[in-house]
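Pasting the structures in now, so scroll down.
Consider the two complexes below, in which chain A is the common component and chain B and chain C are the respective partners.
Right, the complex of A and B next:
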């Protein structure tokens, strides 16, 4: 496989279905060899976007550029695209080898040369000995690997993955994720993946594009998007977040002071002072839970009622209730030294966290 | 065809129930021979099976028995056994000619129905529910009109005189200068049969095409296949079971039709059905009529089995 990594640019890509807007002016630069994951709940337009890149769906507006040249009006069978589908989409009446050779036949490549490339592609996905089997004789994981070989053998400019591992069970999915990632890195092939599974996006992607209602919500590396969610939606969709509503009440040093209900004060590091109300997101793993030793004098701490502590192995999940009735979730790692910190449900506990864990998010 | 098949199934069920093997199981073990569900199934089948036995199977077997019996001068069909009717049939070029033209008209009708049916079925399965429903109604509409009325309609359209609608149109447009002969030819019979039996092709094709995962066609397109190759390499091979059903139905129904060739074929395009009618109703030669009927049924079943075997083998490759 000698793939030439391609740079892909989406410019104001739009799709209308009648009056409904499936994708609304999606713009994105994808670096050569990068793996980008389109992430979002169902109906957010991620699959439509992918199908527009593949031209299985004609865009209503906007352009797609590959290495600077527009391919928007190139018909699908003339684009050099490898695509993986959730249902594998292997041709059930053709053998493994016939499935893989299909794209080469369509390109008029001589049987002999094509046969060698098929062998090479099947070896790449470790299915060398299965050429003459029918897809129905293979397991789900093997079928998806055949689909991968079929997509890669044509040496595509980019690889499109439509929920590729969604039909596999959990453990197989995790090993396939690792395998897919290694292969993608090795071949350096520009890849766009659609998924609704945040773990899959975090594990596989160089960059995550979070989509909502047809629009791009946030783009960034997995760590950026997880650590610095720009909106309440992203903070809630990717992982778990606690949210606080409050009013901005001036500055304290480098931070902005936000006054929430029930005397809870939060300080948020921020360059500019927003006015009026503010929404703050806080990750549960940032919250420390302990016995009430003293009355909280400062910001970013609160005495709450422990409603439930769920032991999850290396983690304990604490479900707290604030004096105003709002829930607060805290994840705390177990130390591993065998000591279990006993805190009884119904007791007041002190929850505190660092100023740096508070994130000011847009709330729309 | 359909009734023959269901009768055979009923017979198989009955045979299984009373097989000695299952009675042996009953003698050695406690569990009952039949579960309540199986018993209920048999009871539910009995009335229909009895009806078919009395009014279809027995008469059909009697008729077939006639084909090897002798008809006395007073008209009674009786022993001795003879194969002379079959020798007469296969020894007379007129009769073998009718046999082959029957099979040819049936095969051509089924082939044209397949060629015309695929595009219609493809559009049907790709349309929304509303369009699909309307198309289904349009496709099955010919079945609602009586076959006799419909065939007389075709007679008016295809008439060989200047007043025949097709001839009149062609003459008016200056395409032809003398009326052409369509009625009382095989072409007329094929057109008439196509009109009636077209739904028998389209509906199984549409059903088979709708079962194909649309992602397969997407995959073929992303792999570089233009639309016609997607059809040729993916949709067509995967819809062969539907084609087999449609071909079998149209072929069998056309081969065994009587009204259409009687009205549109005249003496120019006779089919076996008309031959049977002549032998039994006009000549009163029951044994020979039975012989022709047996030849027709056996040939049609043989060809259907062969085509089903062919399609299924192709499908497994």
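Right, the complex of A and C next:
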């Protein structure tokens, strides 16, 4: 399989349904060979965006460029796109080989040459011996592999994945994620996937595009988006976050001081000083929980009440309550030496974290 | 099993049995009369003879009525499929403006009294000066049979998976090839069921044909009616039995070919 990695550019892609705006001026540059995941809750416009790239939905506005040339008005069957659907969408009346050869037949490729390519594609997804079976005789994972072979055999300019592993159970989904990633890397095929599963986006994507209400909320590598969420929505949607509301109260050294209710003070490393109120996001894994040895004198620490400690194998989840009544969640890794730090519910504990873990986020 | 459910089952079996009797009994009576060795229809039949079959099959009037009805039903079915299939496809797959109204209009021959439809068509054709009886009959039969195609095909299309069509489109299939290679195989049972309904409805249509037929173009139901009101010998029963046999054969063949049971929701 020899795909030429294509550069894809979306420019102000927009879709209205009557008065409702499904996608609002989505602009994005996708590098050749890159895997981009559109992530967001249902109704955020991610699926509509993908279907516009595939032209299964006609855009209301904006343009799609592949290698610099606009394909916005090229009909779907001339776009050279490979697409995977959540429901696999294999043709039930055709065998595995007939499914895979379908796209080659549509391109008028001679039977003998097409047959070789089908064989090659099925070997690629490790289904070499299943040519003559019907889709209904295969498991869900095998069916999606056939769909992948069918999409790849036409050597598409880009691959579009619509919740491709959503119908598989958890362990199979995880192994398919790794496999899909390896294959995509090896073929170097530009790929756009849609998912509502953040683990899937983190595992598979070079870059994650978080969408909300038809708009692009944040774009970045998985680590960037996870560690430096730009907005309260991203911090809450991708992983778990604690949030603090406070007022900016000058600077202390290199950091901005934010005062919250009940004497809780936070310091955030920031170059410019925002004025007025501020929202700060804090990942639970950054919070250390321990016995109260002394009264907290400084910022980024608080005495809270332990409500519940949930043992989760390699992690313990601590559910704390701040003096003001707000919840605080802390994840702590178990050391592996067999000792679980035991703390009784109802007891006061000291929660503290580093200044560098506080993130100023936009709250809108 | 408590008393109530025994009563319920008893009722169910009684109603089913009664239904079967009322459907099957007339057919059985007709079949038994067709081999009766008597000059006139009388019940119970006496003796056994296949002479009536020989007489009927050699009757040139029967032959011409049968061939005319087969011709008419075949072309009416073809017409109903050619018109009904795209209509159903457009109504189900595309947001046609006024789609609901168009659907009601297309299905209206099912609800409208067929006798009135026939009379209306007769007046229309004579107003237009269209004198060709076979063509007029064909138009009328297509009109009354196409709703069956629209209905069964619509139902199959609604059940068919649209993502299969989308997958075919992304793989490079044009709309027409997508329809032929992906959609049609999925809705084949519905198409066959619609075609079967259309054929049968045309084949034994009386209320429309009676207005439009003439002596040279004599469909089977009119032939049977004239025979029954004229000399009432067992040959009428023989003709009927032959038609029952024909219907059973057609249904069995279609079931073998496309799984009619599935299409009719059985």
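Everything that follows uses one rule, which is that the second predicted complex is superposed on the first by the 364 of 364 C-alpha atoms of A that agree within 3 Å, B and C clash if a C-alpha of one lies under 4 Å from a C-alpha of the other, contacts with A are read in each partner's own complex, and residues count from 1 in each chain.
FYI, a residue touches a chain if its C-beta (ideal position, glycine included) is under 8 Å from a C-beta of that chain, and two chains touch if they have at least 3 such contacts.
Quick caveat: nothing in here was measured; it's all calculated off a predicted structure.
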item	value
Combined model on chain A: chain C and chain B, fit or clash	clash
Partner chain in contact with A:110 - chain B first, chain C second, else both or neither	neither
Which superposed partner A:19 touches (first chain B, second chain C, both, neither)	neither
First, second, both or neither for A:170, with chain B first and chain C second	neither
First (chain B), second (chain C), both or neither touched by A:85	both
Touching both chain C and chain B, counted on chain A across the two superposed complexes	54, 56, 76-79, 81-83, 85, 87, 89-93, 102-103, 106-107, 147, 150-151, 154, 160
Complex contact set, residues of chain C against chain A	161, 163-164, 166-174, 177-178, 181-182, 185-186
In the complex, chain A residues that touch chain C	54, 56, 76-83, 85, 87, 89-93, 102-103, 106-107, 147, 150-151, 154, 160
Residues of chain B defined as touching chain A within the complex	213, 215-216, 218-226, 229, 233-234, 237-238, 315, 317
Touching residues on chain A, where the partner in the complex is chain B	54, 56, 75-79, 81-83, 85-87, 89-93, 102-103, 106-107, 147, 150-151, 154, 160
